[in-house]
Amino acid sequence: MTVRRTTAFSAAGLVLTRDLRLAVRRPSQLIQPLAFFAVVALLFPLGYTPELGKLRAIAPGVLWVGALLASMLALESLFREDASDGTLEQFVVCGQPLVALMAAKTLAHWLLTGLPLTLMAPVLGIALGVPVEAMPGILFSLLLGTVTLSLIGAVGAGLTLGVRRGGVLLSLLTLPLAVPVLVFGARATELAISGESLMGPLYLLGALAVLGITLAPLAAAAAVRIGLE
Amino acid sequence: MTVRRTTAFSAAGLVLTRDLRLAVRRPSQLIQPLAFFAVVALLFPLGYTPELGKLRAIAPGVLWVGALLASMLALESLFREDASDGTLEQFVVCGQPLVALMAAKTLAHWLLTGLPLTLMAPVLGIALGVPVEAMPGILFSLLLGTVTLSLIGAVGAGLTLGVRRGGVLLSLLTLPLAVPVLVFGARATELAISGESLMGPLYLLGALAVLGITLAPLAAAAAVRIGLE
Amino acid sequence: MSELSVKNLHVFRGERHLLRGLGFEVPAGCCLQVVGANGAGKTTLLRVMSGLLEAESLELTWRGERVEPRDPEYHAELSYLGHDPALKSDFTAAENIAFNVGLRRRVASQDVRSALARVSAEKFSDRPIRSLSAGQRRRVALAALWLSGTRLWMLDEPATNLDAAGQALVASLIQEQLSGGGLVMAATHQDLGLPAAQRASLEIGVHGVRT
Amino acid sequence: MSELSVKNLHVFRGERHLLRGLGFEVPAGCCLQVVGANGAGKTTLLRVMSGLLEAESLELTWRGERVEPRDPEYHAELSYLGHDPALKSDFTAAENIAFNVGLRRRVASQDVRSALARVSAEKFSDRPIRSLSAGQRRRVALAALWLSGTRLWMLDEPATNLDAAGQALVASLIQEQLSGGGLVMAATHQDLGLPAAQRASLEIGVHGVRT
Amino acid sequence: MNWTWFHRLGSPPHIYRIAGTLTPWFAWPAGLLIVAALYGGLVLAPPDYQQGEGFRILYVHAPSAWLAVMIYGVMASAAAVGLIWRMKVAHAVAASCAGVGAWFTAVSLVTGMLWGKPMWGTYWVWDPRLTAQLILFILYLGYMGLRAGIDDLGRADRASAVLAIVGVVNIPIIRYSVEWWNSIHQAPSVMKMDRPSMPLDMLAPLLMMLLGFTLYFAAILLVRLRAEILRRERTASWIREVLR
């Protein structure tokens, strides 16, 4: 048996494909955040008003708050199972850079929640009276924004690893950090709906995403190490 | 040693006090749903508009969506921990009626989340521009509504026991059931804000609560039995 | 007549017909040791007998009467100790015992203390479970079992994680239960060192039963 | 010179100074069996040695060089098998092994098959972990350990849940690892049946008293 | 480079003693300054020509608002030191900061709300500063919640340190974004905090109060730090000597 060591890159790839395959094993998992998003977005008008004209005004807020909460709720399970079945311990002792493995897990989370949420948003937008021309802008801003949300969330999920019943604490930690994403995202959506240029908030969203991509996996890896002790 | 058997009633009391004592061991857990509620209420102005006049119109929706989410997040942990450490198995084999134990757990959950959320609502209401005169109505409707939410949630939590990634699925199961509560609750809040009589929706909320109290513990017990297999 | 008798037990797991028409009897004061290779169905058997798992068919007689394995009266006389011993990590050992046993019978605090003494756990009786080692937790679970005072014990690998002294403790607890007229069904790979008169063994194989 | 040497190991758990200035050496081809009563600190020791738990102080020398217990190079040669063996309940035994070992080295599917054969787990190699019994899961974890090809094994109660054949299997896996020049640290209450030349034992517990 | 001085400085008994000696040096000036500032602010300063007597709440409100932010900075720096150099005392400092910081934040929020009622006719408006202050309060709550949620002291220290550092990266971003959010929405901005000129007899007590609050923070931090060290080191032998 010649033993060839796995590179950090392919180890990360393995983690990514594993998470995706696990999700495919249980397709209900893929649908859940989406359905949650839909329920929140549709529940909201129920308590407010059925008039499309008025709904359009609140659409950016509802879409972004809905996406934020859906992505946050799915976060709880990001590390929980891996922690309880010993997978995270193996991540730490397997000799691969934990940062790379964390980045892979975050990417998987985004592909499984952030991306579908983004693709779902136009449908809900229509139900809220958003004009079709606004859709590309909404899509693009959600695409950028959900990346950052997943990254922030990974840090929070890592930090609450050792905390029993950490679900609420997790949202408490991450939601305030997500405020800038919400502000810029909702603003971009608003501009898209009113047909103006949304480059300003999009740049800001992009900057946040870049900042998150560089820092969040480091913080998540540190958090996981600490959480396992 | 003379062995006196515990009555079903005092067994339920034991479960209730145990859950309350567990919560008191970690006081931060008591505050967290409140803080989460506040954060959700904060997200809407950020995503929508800071103008109190406009916010007042969406306040009923925000309050109810926030209470719903906070109560549900805390619920997930209601059964998960008990399931993973074997407590639920012991509930089943201890010779006490499972329905009584489930009812006790649900009551504990309401006392620990529903009640504080209700008491917190007026503060958030102020931040959303709700007039002070509307507070009694809001308090009362939330009081009734959160009872039903806890009951519905207990059934959902029991159902998702055996299912991985319970969190989001739980919301999915419970959200549709919670829609009537949300609709009547938001309607009652709206009427309270505009200063009209809210007896109509209040009666409906009360009816839902009564229905829940009679049926939900039975359903939760059945769900837990199935989930354990 | 035997206190516990089982006939015609059929259990499916997934698609496999795991236990096929199993039957056995356990008299008072006897320990039935369930043996069999990994995956034979020992855990399955104990869970079915405790009403935690549904059997395809089962004729269960307890003290001369036909009962359902989910009958509360039957449960009141039965203790099940599985892999997860229902200990809350935020509570101390003593609190956990008081709660777990309290669900079944009244307990005074000196009962709890004597139970902890019985398993040599006095030293950590006031420490939260989360700070105990695997074997220490197991001892706490055994103390709760001992204190519950039930007549029928279902033990799934009770000696897991225990050191030599702990294994002897398990044997002596079973011994005590038997001499009080109780019944034990234990799935374990360990030799319990019981006298032949108090011991029966049930071997389940991967394809059905060999007795 | 010994491949693995530890000096001056101090560990606190909670407020207790559990390991006080522990030191030991393990030469190549030797198994250090860590023994001690429940709560002595065996799990703690293995986790510290694997970089999963922070020690107050530790001088660790691995193959002649001072390393940190979190050094990736050290980890690349180390396997840790604890109470939770990192198996995903939705994946089959084979998939789990392919993934867990794949993090460390390239594996072909016949490697996985031979690993499963080594632990006599062919029969359930394509069943999802959630449908396996406790002992069957353990075997899968042992297969992953065997296939990983690391030089240093840290085993915490490796024989838990295993039947007689499984316990013999653990002993033979350790034997094989030692004859290949590997090192093993095992916390177990079981007799591994190793020849005296390959066996050392470390008893902890004397120091584990309260401050 | 020789770091022993650094570690000796950071050793708990040493810090415990230094903190004990220093406390009065902060506490007394703090008390004097606060009393003087109260006198200056409540008695000497003239009533505001627009706001009447109500503006005097400013003397508590503004300094506590400033301190709330400053303390978060101190907390995050201490946490970073603790994480990087593995200094337990630094973690103890961070832990002691959190409660005080949250308290000052709460005071600024409550005084602001009480002031807002007469000024704007409502307890709350979604002004960027107010919102940012509210988020700061939630960050404090999260930090303390995380700490309380983890049983093991060392783990709680390090996990909360990571959170504090992440938070400190985020605070300016959050401030900027809420600023931007509201300026675009053009809310009726009632709150005029940056008035161009403030008469000296109004300003002087304010600055004195700020200094007094800062010293008070230092004093209370030292006291809490000593308590924290005692709690953490309760089994160590030096404690017995100290308490003898």
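Annotations
Read from first to last, the chains carry the letters A, B, C, D and E; within each, the first residue is number 1.
We adopt the following convention: a residue touches a chain if its C-beta (ideal position, glycine included) is under 8 Å from a C-beta of that chain, and two chains touch if they have at least 3 such contacts.
Please read all numbers here as calculations on a predicted model, not as lab measurements.
Here the largest set of C-beta contact pairs joins the chains A-B. Note: the chain lying farthest from chain E is C, by mean C-alpha position.
Interface note: chain A and chain B, two copies of one sequence, contact each other through mostly matching residue numbers (shared numbers exceed half of all numbers used).
Here the CA centre of chain B is 45 Å from the CA centre of chain D.
As a whole-number value, the distance joining the C-alpha centres of chain A and chain D reads 36 Å. Chain A and chain B have centres, each the mean of its CA atoms, that are 26 Å apart. Residue positions 26, 81, 84, 164, 169, 172, 175-176, 179, 183, 229 of chain A are each in touch with at least two other chains.
The set of chain E residues that touch two or more partner chains comprises 135, 138, 141-142, 145, 149, 151-152, 154, 178, 181.
Each of the following residues of chain D touches two or more other chains: 14, 54, 83, 89-90. Of all the residues in chain E, the ones that touch chain D in their complex are 152, 154, 234-235.
Per the touch definition, chain E reaches chain B in the complex via residues 122-127, 131, 134-135, 138, 141-142, 144-145, 148-149, 178, 181-182, 185, 187-188. Contact residues of chain A toward chain D in the complex are 1, 3-6, 11, 14-15, 18, 21-22, 25-26, 81, 84-87, 89-97, 225, 228-229. The part of chain C that touches chain B in the complex is made up of residues 50-54, 72-80, 82-91, 99-100, 102-106, 111, 149.
Those residues of chain E that touch chain A in the complex are listed here as 135, 138-139, 141-142, 145-146, 149-152, 154-155, 158-159, 162-163, 165-167, 169-170, 173-174, 176-178, 180-181, 184.
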